[in-house]
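Alright, structures below, take your time with them.
Next come two complexes, and both contain chain A; in the first it sits with chain B, in the second with chain C.
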Partner chain A sequence: MARFLIKRLAQAAVVLLLVSVIVFVLLHMLPGGPARAILGVQATPQAVAHFNHQQGYDRSLPEQYALYLGRLFSGDLGESYKLNQSVASLLAERLPRTALLAGLAIALAAVLAVPLGILQAVRRGKAADHVLTGAAFLAYATPVFFLGLVLVLLFSQQIPLFPAQAPQADTVSGILAEPRALVLPVVTTALGIVAAFSRYMRSAVLDNLGEEYVRTARAKGQSGARIMVRHVLRNALIPLATLLGLYLPTLFSGTLVVESMFNYPGMGLLFWSAAQGSDFPILLGVTLVVGVATVLGSLLTDIAYAVLDPRIRSVA
Partner chain B sequence: MTAAELPVPGGGTGAATATPSLARRTAAVFARNKLALAGTVVLAGLLALCFLGPLFHPTDQVHTDLARANLAPGTGGHLLGTTDLGYDMLGRLMYGGRTSLEVGLAAGLLATLFGTVYGAVAGYFGGWLDAAMMRITDAALAIPALFLLVVVAAIVTPSKPVLILVIASVAWLSPARLIRGEALALRSRDYVHAMRLMGGGGGRAVFRHIVPNALGTVVVNATFQIADAILYVAYLSFLGLSIPPPAADWGSMLSAGITYTQVGHWWLIFPPGIAIVLVVAAFNFIGDGLRDAFDVRLRKD
Partner chain C sequence: MTTPLLSIEDLSVEITGRGRTVQALERVSLDLAPGEALGIVGESGCGKTMTALSVLGLLPGGGRITGGRIRFDGTDLAAAPERTLRDVRGHTIGMVFQDPLTSLNPTMTIGAQVAEPLLLHTGASRAAAREKAEDMLRLVGMPRPAERMSHHPHQLSGGMRQRVAIAMALICEPRLLIADEPTTALDVTTQHQILELIDELRARLGMAMILVTHDLGVIARRVDRVAVMYGGKVAEQAPVHELFTAPRHRYTQALFAALPERAAGRDRPLATIPGLPPALDTRTTGCRFAPRCGFATEECQEREPRLSRSGGTAPGHVFACFHPAGPAPDDDARTEPVPLPSPRPAARKDEGTLLRLTDVVKDYPLRAGPFARRRGSAARQVSAVAGISLTVRRGETYGIVGESGCGKSTLGRLVVGMEAPTSGTISFAGRDITALRGRELRAHRRDIQLMFQDSYAAMDPRMRVGALLREPLAVQGIGDRAARRDRTARLLDDVGLPRGAADRYPHEFSGGQRQRLGLARALALNPALIVADEPVSALDVSVQAQILNLMRDLQREKGIGYLFISHDLAVVRHLADTVGVMYLGKLVETGPAEAVLARPLHPYTRGLLDTVNVPDPRVAPAAAPLGGETPSAAEPPSGCRFRTRCPLAREVCATTEPPPAEPATPGHRVACHFPLPGVASGVSVG
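Here is the complex of A and B:
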């Protein structure tokens, strides 16, 4: 176990370092370099030269990267030049709100996917399975924003049940105080991942139904429902929990689109507005944070898997 | 792509004797797959609509006509209505579809091409080169593609060719990983060893042996890459980072329609949205069909 942990941690550290290199390269791809990106296009050549010297951008690239990394480790992600606030403090404000949206969406997706997956596995090859399989394939091909627009047309315009604008409160509790306004953003985000989750659930349940311990339980005369809950679900849910780690990138992309659609005041909306206004410190800061979160997510997934399922450790 | 045009497995002189029956068998398996056939028909229909449609239904998609803005479908000779700027919606669906399909196809193919070569080189040469090349793809894959795309699209000024490059620059990562796996398996085959003993170099191994033998995987992956690329174009346009107006594509049409959902202008939303779903599903079904078809060939090997 210790060897597996050390190996996996070292691997994650290398990937994290390379994520920072990619963001550093993007920083140097900016039109006019980092100085122009931060001081703006109006800056005089003297101001640019002064900034470059002050920030160390006139040194060699490896030195610059070392300086950049040093700043990252002290939590300095730069300053937004439109919002007049540090990127780190903006993220500290916005990240909890996005986490709330993502968390609610995951919960809803799991609540929908588990029964759907079981239903498909039990009714394998029957009409219900075919219909749900077809629906899953269509869902894979549907962009999140089209789904969101259809939901707005149906449940905000045709039948005015829910507002088309997300809660605008600053705090997580303030957002939760407007549950009706949360419905459409959460449902849209959740539907973006529910197809993948239910497909996964279907095959996990099918795999487990074929196992010998299920046959044994049947032979002992246990009922179908009891076998499903006591044996199959217990074994199928562990990998589903770890699947969450792998779906972090999809989830982040989903919240980016959903937040910009419903004007939900999270990290995705911040990123989207920054893209409209070429606010590069925010763009690169969010990209870095999202990349780091993805790497840590898959690291935690692997560790959780190894802890829960001893077979993984011995193979790795 | 119709079943008859399926790429000939092996593609070269070596397979010539076995080719006819093999190609026919591959095509037959593809043709038996109803979803793959449906996908082919839908794709052909959409291509005809976008590229031949304007010949039968010519419309002005550059100049606005505010006197004819926001017409509901069926009024004033506009089958699908008009937009907020008075563009005929059916004509715009064709015009926008050309951008979506052209950029998606080109970006998907470019990404597959680069990813294939990258993955084949990494997998064939192995060792530290493979480790270094694959850690780079790991790191780039760690950043969600949409975020990378938005940053790159914000740095450059998008036009059709630039957009193709932007999307390909992010999309090559997954074929690279996939083909690297194939290359790892293929490089220990006897015919590769034999070629090495006869003095053949690494370039010959990669381009004459690894890539041709991974062709089935490459072709199948290309269809999925095109589907993804079409979605990426739509996402970028929806977020307002694609080619600026009066150019249009299905994604930017949806984003233009968002303002009018609250007054119920559904005809601005459904045509481009359904078109995206249809074309992406079609490519995915074709990809599944091709995978099954190539599996038959591999079993024969």
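Here is the complex of A and C:
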């Protein structure tokens, strides 16, 4: 297991390095170069040259990349053009909030999708299965922004249960102090995931129920419910673990829409406003963070995989 | 007679699925006394497994008991609620299934799985259950049981997994063990060990047993009584000696006659049962076997024979047949009319060498991937084929025998050219095929074709049979459309299928018919050699005989050579001219089939022959069957690879690899430091 982890971590490091290369290249493709972007189109050539020299932009590309990487390691992601704040500090402020939103959504999705999937598998072909299948396809097919609007309309306007604006507090604990305001953003983010996960869970459970080890468990005298919990659940969660890691990038694009819709002060909202104001350092910083999150997500998947499936542990 | 422990009376079972209902069992009645062992034999689809599953209420989805009673220990299990059944399952009745690879939970530890029934059915504490589970593992012969408790199934070999399954079934010390094909998925030597283990545990725990199998060899020495099933009914039931010496039902008789072990001679075709077992979705009147029976009369079509005794049979011997075989042993079976064999075209055999392998080696790197390669020579590898030399002449059948993992399938793939050897040369008709590339290689592929164990898996399910048979012709650019169509029709004639088969899909055919299709496809390009990898091991005895006869007839007609790969000694003995015995990538013994299998020189060959389950209860058990398991090909033993299991091994065997020699007769080679004197084996196969 330890060897597997080390190997997997090494691979993740390589991928992260590649991500940094891509972001670096993107940085160099900024229209007119970073100098023009920062100093504006009116800047004199002297000012541009001075800026480039100051920032090291007149050196060779490998040298620049080394410098960039050095800055990256010291946590320097550059300055925002518009917000007069370092990208790193902005991200440090916003990332926990988005992580909270995404984490709550994933947790909610898992808590709902696993039992729903099991229920559908057990009741295969019966009314409950058909109804849930229909609901899942509907939720899956609905775009997040539309789903959010519908939820706001229903549960904020028609029946004023939850506020239409997300918590505005600065800290994670502050956000958690307003649980009612969190409901709509979290549910909006989670519903699509529930739909997808419950479908996967349903087919994984069905596959496993057809396996011979289930018949063996029945031959031992186990009841249906205990077979599900003791035998099938763990085997059926294996494919779901893969999905979870693969879903992280998708989840981010989901939060982007949700955050701007509910005015939730997270990374997505930051990205949204930066994109509108052409604030490239922020956009690139967020891109880097998402890249890292994606790599970590697949790393987590592999670890979950190894924990769940002893066969992977010994092969890897 | 004592009160039976289990009494099945008039049990009927229906299975509904995909819009049709199958009468899987019809009025099956069986009794089992405490401590008795009953064998249920029959071909696939005869209802033997359904009978076993019914007892525990474990019928597959769509299956239900439509009539009859299953009395066990005073309770009618057929009518019992699920709760009662759960109390019985794993507690007073234990069950072992066929495939140890899939019947254990892959993500649960061995210890937890073995202890599970105990926790369910007794008030045992977790600690006590674990302790008992460890004892149980020791009892089933698991080496280092304490360590194994925390292992997962994939860390064990097939035989060891089946031991775990047995430990699981027996941990509550049931009064009845139901074993459904417990050794079918295992190698000959492992099979023997598992059957011995079950016997021993049965004696120790005083259990009764129902042993379900298709293999008459397995049942011959292991049970007291046998029930033969056919078409969802019991055709005959008798004490085991009675049944094997004087079967009365015509089906039982034909089944025995179809065994390769009982073939009249190597040059005589096997007796076969024409046709296929009945599909049970239509109700038929009369005897189920009548359509395939050589003795059937109008009466058999109209009335259904009941199980009854008749004069001359021993007590407890009943059968359902209007025209039974005589009570005296060896009454002639009337099966498929056996044509007089055409004399084997001897001239062909000497036409010369077709295939020659010289020191062929195939190693597989154990770990593929960028990291493994960098370690270079230090990377571990699996030595699948380790220096094999052999010669196949034109029109000859060369049989390769060995247990799983011995490299016999790899050898087949090397010969066909699907893999390149690591070293050594393979020459075909005088040309070194390992050097062929591109167009030449493709042209060469015409001459060697492959026939698979599972022909169905090797066919595109969305292609019609006609297209499947034309494909090789199209790939090689032979003939135009019309010519290919014509060739397809003739191929179907050759393998005994109707020409209309060309318009159907593979799934519409039975197992035996699919093997015929596989053979037809292999024949499409008129090859000089067919590599047949276990072509009959998935088939029932009666169908197996049909395919073996067909292969032999086609060989006579077309002069094809076969490289016949099989684990089944009786089949190889029947078909092969020359035999090579493989062990861990080496040919340990080669020579004329007659000599090798009757007077083996290598202790491994001898062990295999002694271990094989002979379908005859009179044959005394072998004195020293093979023990242990085949070591991993990733770390083959030094010197002679067989030495770790060899009763004769001495120091020299570990240090020096034995060179091949011909100590007995010319052409009979053996690689052993201490070859056997070459006397007839105690057990004869056939």
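The criterion applied here is as follows: the second predicted complex is superposed on the first by the 284 of 316 C-alpha atoms of A that agree within 3 Å, B and C clash if a C-alpha of one lies under 4 Å from a C-alpha of the other, contacts with A are read in each partner's own complex, and residues count from 1 in each chain.
In the analysis below, a contact is a pair of C-beta atoms (placed from the backbone, for glycine too) under 8 Å apart; a residue touches a chain by one contact, two chains touch by 3 or more.
Computed from a predicted structure; not experimentally measured.
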Message = Quick check for you: in the superposed arrangement, does A:149 touch first (chain B), second (chain C), both or neither?
response = first
Message = One more residue to check, A:197. First (chain B), second (chain C), both or neither?
response = neither
Request  = Please work out whether A:262 is in contact with chain B alone, chain C alone, both, or neither, and reply first, second, both or neither.
outcome  = neither
Task = For A:211, decide between first (touching chain B), second (touching chain C), both and neither.
result = second
Inquiry  = Quick check on the superposed pair: does A:235 touch chain B, chain C, both, or neither? Answer first, second, both or neither.
reply    = second
Ask   = Taking the superposition as given, does A:158 touch the first partner, chain B, the second, chain C, both, or neither?
value = first
Query = Counting only touches as set out at the top, which of chain B and chain C does A:18 meet: first, second, both, neither?
reply = first
Ask   = Touch check for A:220: first (chain B), second (chain C), both, or neither?
value = second
Ask   = On chain A, which partner's contacts cover more residues, chain B's or chain C's?
value = B
Note = Overlap of the chain B and chain C interfaces on chain A comprises residues none
Request  = Name, in rising order, each residue of chain C that touches chain A in their complex.
outcome  = 56, 58, 86-91, 94-95, 97, 99, 102-108, 116-117, 120-121, 152, 154-155, 165, 168-169, 371
Message = Which stretch or stretches of chain B touch chain A in the complex?
response = 135-136, 138-140, 142-148, 150-155, 227, 231, 234-235, 238-241, 251, 254-255, 257-258, 261-264, 266, 269-270, 273, 276-278, 280-281, 284-285
Message = Quick check on the complex: what are the chain A residues that touch chain C?
response = 7, 211-213, 215-223, 230-231, 234-235, 238, 308-311, 314
Key: Parts of chain A lying in touch with chain B, wherever the complex brings them together   = 14-15, 18-19, 21-22, 26, 29-31, 137-138, 140-143, 145-146, 149-150, 152-153, 156-158, 164, 248-250, 252-253, 256-257, 260-261, 271-272, 275-276, 278, 280, 283-284, 286-287, 290-291, 294-295, 298
